[in-house]
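Letters are used for the chains, namely A, B and C, taken in the order the chains are written, and counting of residues starts over at 1 for each.
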Amino acid sequence: MTTRTDRLRSRDHVAKATLYVLLFGGLAAVVGPFVWMLLSSFKPEAEIRANPPTWLPNDPTLGNYGKLFDRLDFPTYFVNSASVAVLTTVGNLLFCSAAGYALAKLPFPGKRLLFGIVLGTLMVPSIVTIVPLFVLSSNLGLVNTLTGLILPYLAQAFGVFLMRQFIQSIPNDLLEAARIDGASELRIYWQIVLPLCRPALATLGILTFLASWNNFLWPLVAATTEDKYTLPVALALYAIGQNRTEYDLLLAGAVIVVLPVLIVFVLLQRHFVRGIATTGLK
Amino acid sequence: MAVASRPRRSGALSRAVSKALTGWGFAFPFAALFLVFTAGPVVASLAMSLTDLRSADLLDPFGVDVVGVDNYVKLFADEKFLTAVGNTAIFVVVGVPLTMALSLLVALGLNSGLVRFRTLFRVGYYLPVVTSIVAISVVWRFVLQPDTGLANELLGLVGVDGPNWLNNETFALPTLIVMGAWRNLGFGMVIFLAGLQAIPKDLYEAATIDGAKRFAQFRYLTLPMLRPTMLFVAVITTIGYVQFFEEPFVMTQGGPLDSTLSMAYHTYNQFGFGNYGYASAMGYVLFVVVVLLSIAWFRLLRNNVDD
Amino acid sequence: MIRPTRRTVLLAALTAVTLAASACGRGDEDTGAKEGEAVTQGKASGEITVWAMGTEGEKLSVLADAFMKENPDAKVTITPVPWDGAHNKLSAAIAGQQTPDVTMLGTTWIGEFAKTGALDVVPPDFVDKADFFPGAWETGVVDGTSYSVPWYVETRLLYVNKAVAEKAGVTEAPKTWDELKQAVKDLQAKGGAKWGTYLQPGQQGAWQTVMPFVWQNGGDIYDGSKFTLDTPEVTEALEYYKSFYDEGLSTKDRLREGETEPKVLSGEIASFVSGPWHIALLDELGGKGKYDLWPMPSGAGDATSFIGGSNMSVFKNTKNRDAAWKFVSYLMRPDVQVKWYQTVSDLPSVQAAWDDKALADDPQLKVFGDQLDKAKAPPSIPTWEQIAAGVDTELEKVAKGGESAADAAKAMQQQATSIGAGG
């Protein structure tokens, strides 16, 4: 008995060690470019373009960030980006989980067709639909409004797909038991399905926030005055020229743009770990 | 008798109707927004693909000639398009399994309970997904430089003379595949982590008590329960890779000699030239490819508990 | 395989599309040079919106403020637009009827946007085309009608590492193709450079380096009714271009942004072709005074270079046509052009502006200014970008040794003809 446990424990040690080595190795490869980007945002442009590239800044400076904040009307762009991203995310969490629940667990006519259409549009490259979408928005009077930035992305096929797949794995007996107990579908959705979906909701939240925050083409096309620009659009405006790129602004901007997403990620990723939630099989 | 049977029949009917209404009730907000803002433009662009609409016609889109499937026929005589199809195929066939495997491995490692610093790893592996592609391209270009880049320096340590990766016809596409896997594995990792978390821990405990070893647990417990998640990652990654655009756009501009020209990049160029009808047709060919591949994935990874 | 309900929906959709399609059809278009409507005299009034890209968009408010001081009843709103995606934004705006009053346009975009019918014709007697560099003015002319006025220009010269040139004993700028070839050989053999020059080996934008060779040899791209790419002049120009690679004088590997400058300053690459923006790029890396500027040589024709830049156009559906054109004409005043140069270093398109001290006293700018007199642009046809992409592909094949100059010329001609001039 003792020898078997010892063997198990030492196998565990080896496994742990190997895992750590692999994961840290991968981490270095994965995090390296980001770290370079962060460090380089404190270098003047000439050093950024130096060849061979440097790692630590020779003379760290906040100049790039100063230049960026000087030229950008940062608060406006930030608020635009933030409101669009937050509202889009919350809306998607709500609509996609509801529709996902319906598609996964509720019988209704036209269900397969709806799912098919939803999946289908997911597979159309977005550039194809930009001009028709803009004409549509123009006819609806949504051009150059924050609403116009949010509405087209409030119901994303991707979100419904994710939620449907996830909710499918919730055991039906659980829901049947609740129905027999007399609970309405709304209650089942709100009190049983949603809590069980926490990892999926956290995932969808992060992905939707990220996509919305980094979205470039639509906010560019849909805004006709500067005060409606979002952060990625504004950064491209100042950093990318007709014949040259201003790397100092580009990198500082890239760091600024990535920070909120990282914060959202760190906040939400703890939901990947299921807490002491029951499986409901009892 | 007659009185007893009638209420039961109408009861069943009204139950079916109420079920249908509930179902649609939940789906309605999504469906309405979706049909207007997503499906609508898609149908419009499908119509565009059947015309020879060019930028000159932007002010008067209905004043164009309907050419039916001419655009689609022209596509298959377009040498660049065929090259792009080949490149995209390689990218997908190699890239999707590679990315999925890597992200699953990382997710398994982080979920195994053997490792601490989980938050650090989760955030770290996700960083490439959130970092701006332009910043990433700057860094990767330095890494891939022929004389002073990190890649060739490392290869030099083992005595291998590395090529000029991005300017080499043979190596440019594989380089972009590796870069794509590097960039996207965080996405799959996040989804797999969510999926792994949904598998009840008691099942693992029961299996361990029954004497099942780790690998057997993985094969007979984890994998089957991950099916819906794997299907999701497979389809989304495939869709993303069939439409791969940013890497060639930023790193190689489709070169050298069109060896990294992807279907999506070619489509983007055609839109840039103002050939809206032709480009939309190309977009829809992309669409058909993705649909076919997704159907294949659905067949392969269908959840047994399907409706 | 497809379930019945899905099949029905597909059929319905197809029917709907076919029915809608039957309502379509191109009408007849009228061709021939058009005359614009005249603009009133006096000060501008009312509101106008202006779109401008990149740094120009950022800084144009400086000129707008000055304009508003001179025209107190006018209000000018500038919306800067990123270069990245600007083309898409303009196309969508035209389709959705959400265009501004005035917009800045890259010179190679004029053909395409003019053909949409969205641009207003330049008013007659409004600006004198003789005021501008001839190559620049032509960029705004489509089918004989003027849709756009050149705002600022750029042209290409040879940048040469001074130290390498001195070591090689190359003291004078070469004037002919043969002299240039010899100079490059010397820079490499005697000047200690790894590569005598860097010419872009095909791929995006390479035509801007190679079409000048065509013009220098007396050839051209389009004669107004057909393409002239399969001619001896073009073939010779391509052979000249190819010879730099065949003789090992230029690397066949494409250099990216940020890679060229360090190599030039270190002397690894002795010379390269670029525009005025590289002055700042090289100076920032400590290159001030370390390079020379050579004008383009001549083949069988004139010593011609490429001219680019941006123009100003007014949209037809502007609500304040008068003020819009007045603002455009304000930007073309020589003193305003000089002020603009001092603000963002854009070279003036108006020749008179070059007499100002700020430009006339700068020796580097003088070389650019002289070259601008002999610079051409590609034809202002809507299909130019597509044809250029085809040219770039053939150029890459030529540079990397996979295709002969003659075959490339034939291929370019055949592609251009099948794409057409977008009439």
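Following the convention adopted for this analysis, a contact is a pair of C-beta atoms (placed from the backbone, for glycine too) under 8 Å apart; a residue touches a chain by one contact, two chains touch by 3 or more.
None of these values were measured; they are calculated from a predicted model.
Under the stated contact rule, the graph of chain-to-chain touches is complete, every pair of chains being in contact. Between the chain pairs A-B and A-C, more C-beta pairs are in contact across A-B. Distance from the chain B centre to the chain C centre is 37 Å, each centre being the mean of its Cα atoms. Once the centre of each chain is set as its mean CA position, chain A and chain B turn out to be 15 Å apart. Taking the mean of the C-alpha atoms as each chain's centre, chain A and chain C sit 38 Å apart.
Contact of a single residue of chain C with at least two other chains is seen at positions 88, 91, 95, 97, 259. Residue positions of chain A touching 2 or more other chains: 51, 110, 131, 135, 247.
Multi-chain contact residues, meaning those touching two or more other chains, occur in chain B at positions 58, 145, 271.
On the side of chain A, the complex with chain B involves touching residues 12, 15-16, 19-20, 22-23, 26-27, 29-34, 36-37, 51-53, 94-96, 98-99, 101-104, 106-111, 114, 117-125, 127-129, 131-133, 135-136, 151-158, 160-162, 165-166, 168-169, 185, 189, 196, 199-200, 202-203, 206-207, 210, 214, 247, 250-251, 253-254, 257-258, 261-262, 265-266, 269-270, 272-274, 279, 281. Listing the residues of chain B that touch chain A in their complex gives 19-27, 29-34, 36-42, 44-45, 48, 58, 106, 109-110, 112, 114-115, 118-132, 134-136, 138-140, 142-143, 145, 148, 182, 185-187, 190-191, 193-195, 197-198, 200-202, 225, 228-229, 231-232, 235-236, 239, 242-243, 264, 267-268, 271, 276, 279-280, 283-284, 286-287, 290-291, 294, 303, 305-307.
Of all the residues in chain C, the ones that touch chain A in their complex are 3, 5-6, 9, 49, 53-55, 57-58, 77, 79-85, 88-89, 91-93, 95-98, 100, 106, 154, 257-259, 261-263, 275, 277, 280-281, 284-286, 310. Listing the residues of chain B that touch chain C in their complex gives 43, 46-47, 50-51, 54-66, 80, 141, 145-146, 164, 167, 253-258, 269, 271-275. The part of chain C that touches chain B in the complex is made up of residues 13, 17, 20-27, 87-88, 91, 94-95, 97, 112-113, 115-118, 202-204, 253-254, 256, 259, 382-383, 385-386, 389, 393, 396-397, 400, 402, 422.
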